[in-house]
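Once you scroll down, you'll see the structures, which are given as structure tokens.
Each of the two complexes below includes chain A, the first together with chain B, the second together with chain C.
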Partner chain A sequence: MNLTVNGKKTVIADKESLSISGLLGELDVSDPLYVTVELNGDILERINFDNIVVRDGDEIEFLYFMGGGRGQC
Partner chain B sequence: MRFESLVVHGEPEAGPCGPTTVPIVQSSAFAYGTASALEDVFRGRKVAPVYTRLGNPTTEALEKRLALLEGGVAAVATASGMAAIATAVMSIIRSGDEILASASLFGGTFSLFKETLSNYGVTTHFVDPTDVAAVRSGVTDRTRLIFMETIGNPRIDVPDISAIAAAAKEARIPLVVDATVSTPCLARGCDLGADIIVHSTSKYINGTGSAIGGVIIDMGRFGWRSDKFPHFAPFVKRYGEFAFTARVRKLIHKDFGACAAPMNSFLLIEGLETLALRMEKHCANAIALANFLSGHPKVNWVRYPGLAESPFHEVAARQFGGRFGGLLAFGLADREGAFRFIDHLRMAKNAANIGDVKTLVIHPASTIYCDYETEDKALLGVAEELVRVSVGIEHKDDIIEDFAQALSRSAD
Partner chain C sequence: MLTDEQIERYQRHIALKEVGGKGQQKLLNGRVLIIGAGGLGAPAALYLAAAGVGTIGLVDGDSVDLTNLQRQVIHFTPDIGKAKVVSAREKMAAINPGIKVNTYQEWVHADNIMGIIRGYDFVIDGTDNFAAKFLINDACVLAGIPYSHAGILRFDGQTITVRPGQSACYRCIFPSPPPKDAIPTCSQAGVIGVLPGVLGLIQATEAIKFLLGKGELLTGRMLIYNALQMSFDVVQIKKNPKCPLCGETPSIKELKDEVDAVTICDLEKR
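For the complex of A and B:
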């Protein structure tokens, strides 16, 4: 499957169904809890990361707004 | 790791070697080798520093450590405690909104709410923070946040934060808590039930009175997806549980520019590492001094939640794990008696600060609150005979002996 990730052509192994959550793991995206995902120009809601499936030719941006740490509760 | 280790180490850093203190990155801006590399940072494709008003590696180390200690999801360090409060509150409210705040507030916060924000169409109602029913009934359909202090300064009262958190949750509004006086050492923000914690880090976190700073810590659990907060909608969509911190960082903190200085962030981290040890001593010395003052014939009353007769003893014991902090207040005969006492102190310093390793005293009515109306002083519990004490970490007998001789000589 051919994707454009953060402006760069990226090829990943074809899978029957790859969700945004799955793609975050597949590409080992850093700080997945912080990342904002833009799919073909639209910002995705985090609650939909498991449901939205990526398709050949999709343009995806992984975006961050901050540092500032993460605690635990 | 346990709290005493977390304050020292924070999250373990990877790597075989490196400095054992956080480096001071004293740079306004950060250069990149290519235009596309800097574009990637500005677009958010990569987390990296650009300009110190927006973020700085030394300050980020402080933010990470404080978020970890409070159990929050993210933190934003600011230039001062008041900058933290103003930035946090202005990130939530809009013109026409109301704030429900404790009537037992630090003077700067009271002034921000009563004077400054009222000029921008925001009304604050003040309520007894120890009366949960009054807090519940004080919420109107325009209230957009509840603001409390874990230990009121200088009234030294202790609200039941978890009960107020339940009231805030029912009303679907966030609870913002100033935990400067208790610190995460006595209670973590996430355990208290607060949605947002603010601190003046200039106090116990720094510990030595060497740097001014503040911090906003987001617990990441408030439901901003609400008709009460339509201005949060784009942030909820993009940033989920980080919606509040994103709005702080991308709007108010960026636009008002009250950023932390890297040198101050370094000093605050250095201080933070001894917080657990210092708080233990502050608490032990405070109870010893409170007991001494309670039995002194010239002292009319003592406010300290560690005293069994304090009306806040039970809630403080539960909330803070049997510790009661380092701040107390006591009353002498009158204003003149308070002045004479302060003038005769030999070791304790007369200064407008708290949380220093040194014992500090002040007469709030004539200093911090000197410009306040009489009714506002009464509302805030600032009596003319009141002396506020931030008990330091000196030997307890030296503190008590200093107070004893000053009380004895203050009759002169």
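For the complex of A and C:
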């Protein structure tokens, strides 16, 4: 299937659908606990990542937590 | 009425049809609070002072140290050891003695933030930790004060403007801070020094547009910047009906500190 991920065309070979959790694994997204997923404009709830399925033509955005500027621990 | 000195000082503003004398007067009457006088707050404070925003509040409990100077351009080498709000106020007063700078030499927390933000027209979040970022979002949404969020990490930045009740808030995107135990300990932090300059000035631009009532605010969309790629992407963000703060059945009705929020350094270790 063909997806648009963060604005880029992305081909997932040999699959017609995939759960959000599966997609995070397939795309090797690091630290999935730190990512919010938007599917076709809707922010998804994390508890549904196993149940919600992406299909051909879907648009997905990964939004990451980002902090501030001081950079001290 | 603008004085002759003000007409001269703000001539490049007044020449803009979107600003003019009336718009400059709006800026002079404007009240903007900058929380965090660090990487993001430094350029915002300098440019808002130069622009003639009449009252600027600065909140920061920290003092200047040597590692700040790579990017916190409002603080100079002789300022090391000085309270950041004092150091910043000195530069702002030198740029523009015609504005008022209120300083709050403290950290924001659930018990004091409402008293600080009340009376300001617009808030800039220039903080560096998730506890503060969630607190500022919650306080501004509950108080109905528009604000600009920004976050930076290494070469990446993101920013969004929130108009409470009208556009998506930070919790619409990130309902709660990331779990603290998901990532181990703190480590060496890293950010390219110019990055907070870019993001902080976008935040200052939003404050100025808000005060002027001109243009389109960065609401309902998050700007995502990557300095290495030199890319600016915009992601549309709808209000989330399940948002715990501004959704249909909110669970957050009063302020509390996110004590379990991870520090930025935890993220920077990734």
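FYI, the second predicted complex is superposed on the first by the 63 of 73 C-alpha atoms of A that agree within 3 Å, B and C clash if a C-alpha of one lies under 4 Å from a C-alpha of the other, contacts with A are read in each partner's own complex, and residues count from 1 in each chain.
In this text, a residue touches a chain if its C-beta (ideal position, glycine included) is under 8 Å from a C-beta of that chain, and two chains touch if they have at least 3 such contacts.
Bear in mind the structure is a predicted one, so any value in this text is a computation, not a measurement.
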* Report for A:50: first if it touches chain B alone, second if chain C alone, otherwise both or neither. => neither
* Once the structures are superposed on A, label A:41 by its partner contacts, choosing first (chain B), second (chain C), both or neither. => second
* Overlapping contact positions on chain A, where the chain C interface meets the chain B interface -> 6-7, 30-31, 34, 36, 43, 45, 61, 63-73
* Once bound in the complex, which stretches of chain B touch chain A? -> 11, 40, 43-47, 55, 60, 63-76, 188, 190-191, 217, 219, 237-242, 245-246, 249-250
* **Sites on chain C touched by chain A in the complex** => 36, 38-41, 62, 67-68, 71-72, 126-130, 132-133, 150-153, 156-158, 172-175, 177-179, 182-183, 186-187, 189-191, 195-196, 199-200, 222, 224, 233, 235-238, 240, 242, 263-265, 267-268, 270
* Structure fact -> Within the complex, chain B is touched by chain A residues 6-7, 30-31, 34, 36, 43, 45-47, 61-73
* So in the complex, which bits of chain A are touching chain C? -> 6-7, 30-31, 33-34, 36, 38, 41-43, 45, 61, 63-73
